[in-house]
């Protein structure tokens, strides 16, 4: 990023040295350029077209909390600059609004995710593995898996492998140990990431889910369990945040 | 469990010693067998058929958080291997879905429980007693009672015996002292398990319920009260978790 | 209070009507008087000498958080205007500092309370009863009892009557039912006020104590339990706040 | 209560002494009587007819958490033994169900309270005052007021007197100081009880309400504020629990 | 305020001195006047007409928790004494009810705010700037902006400037540094006020919003973040409380 | 208990029928007897000698929160009626005070437990197993083990078997499956009880410990994890409460 | 800030236009300059000398959490560039360490504040008022007052004016209404800012203190109370954070 | 791991096929071997020598909560099998105890870390960057840095780069963008990881520290802030857990 900037400044200076541009005009132009932001202002949103350069991925849209109109408008703006697009936490109405402006968009209802894939996804060096403790954790696990597939797959899936029936997990030891990075989604007591962490040498990204009731307090029990994991290779993301887990897993796999 | 495994290995070795099986083929077969899990993979769920051997009871299905289709499919799979079946936290739709695939299933609407009983329940050596503090605690108390009946009854019930009218409880002192194990479901301040604990020599399984409002914080007040009980024989389960209370009570009664 | 004010204004007006006082001077005098506060400013404290009139009791000094010098100076100021004095949460050093300026002051070490009683305490119409669940609750119970004795006793005491041994409480049913108001101090699960509440027709003032460990969270479990009491005659004060319990009990007993 | 029991025992003994009754039969009869509880078992509820003797008031029914059928059945049972009746937290459906079995029942929709008053309410020695901080606190304040009127009024009301406009409260200083006991309902920061407590010599029963948003956390902010009141005469009840406030205020006023 | 009172008292005293008024009658009149509160009692609300004098702004109506009838009646009462009017947290029904009695009222649906502006708003010495981290924070940001415009604008707006794309904020450095006071609304981690605080010398009023999910706990994460800001010029208001932020910003700008 | 009472009453009645006792004297005697509590009042404590009958175990003394003098006096009183004695949470000073009055008392410093064993402990039908996740959990595990040995052993121990190295646990599968009841002490994320629960058919009593830091919040993370265990046979006790775990395990083993 | 930058760029460009500087060298120089940060790197700290320009005040040092050596070294670095200096939360040892390198530094022990004032403080247009609810709140109040005096006083103080004795506050109505901005420090229930807020038209900065016990939870009760204030002009800072309150008050007063 | 096992089984089978070993003896031997755990039982600890194979790193010892003797004994056991060793959260006494048995051990007092490095550390493909927000965060940051250096460095450090002085961070943009993975340690509001996350394309591991006071609640505010980060590449570890952050960063860098 910085190199591009310095090259542009040098070009400007050379035009000044060549007398093609007056110093005052050049100063004004450069300051204006510095201040000009590589984003698009929609009034209610500033679409960050610069993110793809800065972070290796386009801006991802969190649909929750936005009106359908806002989601669709932001999606259209992102899609003008980026071949691929991801909208998370999209209900059916938001998905339909996006599909109206981007008919090629696909909707994954269980994962509440809208995707546009006009370019093939970038795969990483190895494989990402998504493990889910129970059937109820699937929406979060799928959000993680689809995100990882988009930004740095390929992705394997192991679902309903909770610690109460450990043999279901141990049966898949080879899949576990093959992965470059493992995502583990679990609700209730959230013990699965610790157990998985003890079986593999890869980083484990733990995703607490809000599955459970009573003293699960909406996923707090699982979150605290994961943060306090006795396995040294476990990091944690927000409750139900499959997206960040998938995004970071892809980023590790791409490295 | 282990003995079965050793016997099988010996049989295999004898076939190798007898030249009936090549060592390489035997090694591959054994490792495959070891890794082959006694579960049935439905894609979204891995039904743990091994649990009945390991824990003395078939897998119980928690309907909450699953789609009706998922609940029915898992129920059908369990019922193929196990004569009896328990589905908890099932609303009317989930119950109907199960009854469609298992017409013999019964639905206990207040307890939100579906049961299939193709074999008579196993009774324990003594009696399980379920005590409820108030009328609003009945759904949780019934979930506990039905579970205990299925896995190790018989079960007595004492309902609406809260501490504000202690004579209602003291009138039943004989029933209390006769039980092998007592389950006490209470919301609000959750004081009843402490009082019951002081009157009996059996273990008391306290179930905090989410009955109450304001600073009951969805059952948290009752939960904390029970965890801090000054009676030495009180253990606690999750808020509204009548199922675990009933399951453990049955397990104690069966011992 | 208001009547006194009106009488004084009338007197002033009569002097104006009588020509003894010019209207402007009278206006200035009255406004100054209105604004003049019946308190004594020590710089770091404003001793509220008016409280005895307004609330029927002199200002009580909370020693905690103040330096010994501050406590002694405030005590001296209060004692200039009030025959009796109460200092709560006083450690030995604070007590000694008060006794230096008020040699007649007594120190109740267990209750951490300093008292000066130059006038006999005012007794109420009936009796205040202080019940403590366990031996560890005695400091709080005694703070309540001494406070109630000072502002509206006499006081009876029943200590170590926790709900795990209910017969210890039931043996005292007559003492319980005789009281005009009952204070119940309990830590851990805080169940005792509910049980006492169900046995008496008087108001019950529940005092959660910080006795306990783990999930008692410094008295939070007991506090929540008491706030959610299923007995309709239970009100609650802050954790370990024997003083307010004793003060309100005395106030009810004096009525 | 005890004296009645002793008289009955003496009568029995005299009949034994007189040879009218065999010792064994007398022993059996007495033990049975001791164990016979003065309650009515409806299956899902044990109506405590003894409470009126023990606590000076009939059992009050908390409708929340019960089915309409349960509420109506309990109400009918209470009303068979008690002339007056109070049902709290009753929505319109519960009220209608009660009115079907007890046509004389009145419904106070704002306070969510059903009352049957076949005997005139018992008034106390003085007056109960109910103060509400804001318009939104009225449902809770009215629950308190109607309860106090039923068990020991009469009741005065001062509504919308929050501390942000202190003159609205100071204008009513005479009403405040006249009351035997003051109930203060307030949400948000719950500061009003402290201010009222500083102005009166009576006990103040603080009722935190769930009015507010964000960091009011459903009334927790107000609850904590009231528990930590710097006024020595403030006791607290559960969030939104107008009923207990009214019941205790009546009990104090009746003393 | 006090001076007005003293002048009125002097006038009264002069009438007494002049013999136009008997002292007793004057005393009664003055005390009545003192006690007469400058508010209007609607039964369920005491409209504080005095607030405009005391605080430089009329009473603002919080619609949430009040019935439509109550909101409309209070609005009508305020509007009788004040040319301008603000109703916050008004849903469409409440807005319609106000517009029925005050047809000139405007409704800002996104901000849930009703305004009547019969007098031009008072502008301050400088400008108020409202910054919002994301599109979902707009309702709160707009509540703040409209409030500030009414009580002390003018107001600039910078929306969707979250810290994940810092250049969007840095591009507006001049707007930031020009403001007399900056309001920053942000949900999720609430980091934006700290960053803004480090860039400006003005006070920053941080408004945590409930935007987010999981461990945002309804805005608690953002609230705690803002309270712990490492920038020395950041103060905080309640979650989603755009109104107070706008009111205080206007008050600072008017100074 | 009841039968004894009825027999005594019959005897009394027969003496009345025989004219050996006047009815009035008999009535007074019986009522006095009923009210006479089987406890010993030490002023600061009421030692519950009745507990051994009622609960099958003598009163256990919690030393924490009591003075050394109080602990020693209560211990002496219990030891007068009971051959065995258990004091928990005793620091060295408390232990020394007990040993002064009961020289035969032993002190287990790591477990902070004082024991007197003048009678051989009662063993149960099977074995109790105590599992600890890490070395730091030993104090709590030992408190549980010593308690269980006293009230219903024998006890096996498996220490440092945390889930991060699962093979350490799986190596002991036979010991696990042999136990009548398993106690599992674990801090940090508290995952071990769920894993153990999935391997055994016995009840599992989970003891969260305060081992950990940061978001373990003094054992809260482990407590919540255990309450939300996905294994159906897990019940929970208070943080660090090895005593209750051991007591209940013994009670189950004795059944 | 920006204008300075543009002027410097123009100068550079003019030198390039004049041929005094080659374009490449100029580009390198400018980029280096842009990246060169106006801070001083001490290894463990980066002293922000730029802050005085950006925020109108030098960097203030928070001593807590730093070693004495670190505090002294940072203080010396700041004092090399800035005439005045403020160190907060400094215990006696930290203060002594600073005084060793800066002998002119003064230590305010109660407020735990070290100050160097080599230039007279900048006063604002009006007065800052600091109000404290009780004597125990003085350390926090003094931290606020000294901070405000340094950055924009003068400052008035009103201490021990809690709401339990309202007349102590009302007596100072003129001082309250004269202030440009009011800081209110209060612990326990934290009600004072709401009451003050209702009496003045200025912004009120509420500082919750950790004064209190039990359910004050280290100042949480006061914090929540202040965040939920029903007075529209109240903003809040962190618990015990007198510094930010004083800094923002000064900033408002300077505007 | 599995392949080794299969090879060993094949060898055994070949010996059986060759008649060198009887089937029964072979079965017993294999089962024993399967059950024999690759750990060393010290009584109070089971040293997991297998971890180096399974996870690519030897067992790391958490000293906190263990006695000095236990730490030293475990350290000696680990060092018998592994050339390198890491002990975290070691105070001076624990460090000295380790150095007594392992004189080559080094102690990093600020980071509370003991290291033995008998083999050169394994470096990764890129660089790990550790950023700390303030001087007080250094102990945690150093724990992370030393851990990462041991398991997969090299490591760069950027300390005291908090968001209140953003230019201190922006000056290091090249160092930030060069790293394979970035660790960010921050207390108070914990905003720094979000800002860093927006500037880099690498994964960011956020470490909340307990630096702060009041509503930082021991690091909870920072923890929640990081979990709710709006930057998509941020994962979080436990409060003050520099070790896990360093371990996972090394693991990512090694991939």
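All chains are identified by letter, namely A, B, C, D, E, F, G and H, in their written order; residue positions are counted from 1 within each chain.
Simple rule for what comes next: a residue touches a chain if its C-beta (ideal position, glycine included) is under 8 Å from a C-beta of that chain, and two chains touch if they have at least 3 such contacts.
None of these values were measured; they are calculated from a predicted model.
S.K.: Need the graph distance between chain B and chain E over the touch network, please.
M.R.: Between chain B and chain E, the shortest chain-hopping route counts 2.
S.K.: Which chains contact both chain D and chain G?
M.R.: Chains that touch both chain D and chain G, as defined above, are C, E.
S.K.: Distance between chain C and chain D based on Cα centroids, please, to the nearest Å.
M.R.: The separation of the two C-alpha centroids amounts to 25 Å.
S.K.: Just curious, how far off is chain E from chain D if you go by their C-alpha centres, in Å?
M.R.: 39
S.K.: Can you list every residue of chain C that touches 2 or more other chains, as numbers and ranges?
M.R.: Where chain C meets two or more other chains at a single residue, that happens at 2, 134, 164-165, 173, 198-199, 214-216, 220, 223, 227-229, 232, 238-239.
S.K.: Which of the chains are touching one another, listed as pairs?
M.R.: A-B, A-E, A-F, A-G, A-H, B-C, B-D, B-F, B-H, C-D, C-E, C-F, C-G, D-E, D-F, D-G, E-G, E-H, F-H, G-H
S.K.: Touching chain F in the complex: which residues of chain D?
M.R.: For this pair, the touching residues of chain D are 2, 5-6, 9-10, 13-14, 16-17, 19, 22-24, 26-28, 30-31.
S.K.: List the residues on chain E that touch chain A in their complex, please.
M.R.: 134-136, 138, 159-161, 164-165, 167-168, 170-171, 173, 211, 213-216
S.K.: Mind pulling up the chain H residues that touch chain F in the complex?
M.R.: 35-39, 43-46, 48, 50-51, 59, 62, 64-66, 70, 74, 89, 208, 210, 218-220, 223, 238-241
S.K.: For chain C, which residues count as touching chain B in their complex?
M.R.: 133-134, 162-166, 188-191, 194-195, 197-199, 212, 214-217, 220-222, 224-232
S.K.: So in the complex, the part of chain A that touches chain H is made up of which residues?
M.R.: Its residues touching chain H are 1-2, 54-57, 60, 125-126, 173-174, 177, 180-181, 198-203, 205, 223, 227-229, 232-239, 243-245, 247-248, 251-252, 255.
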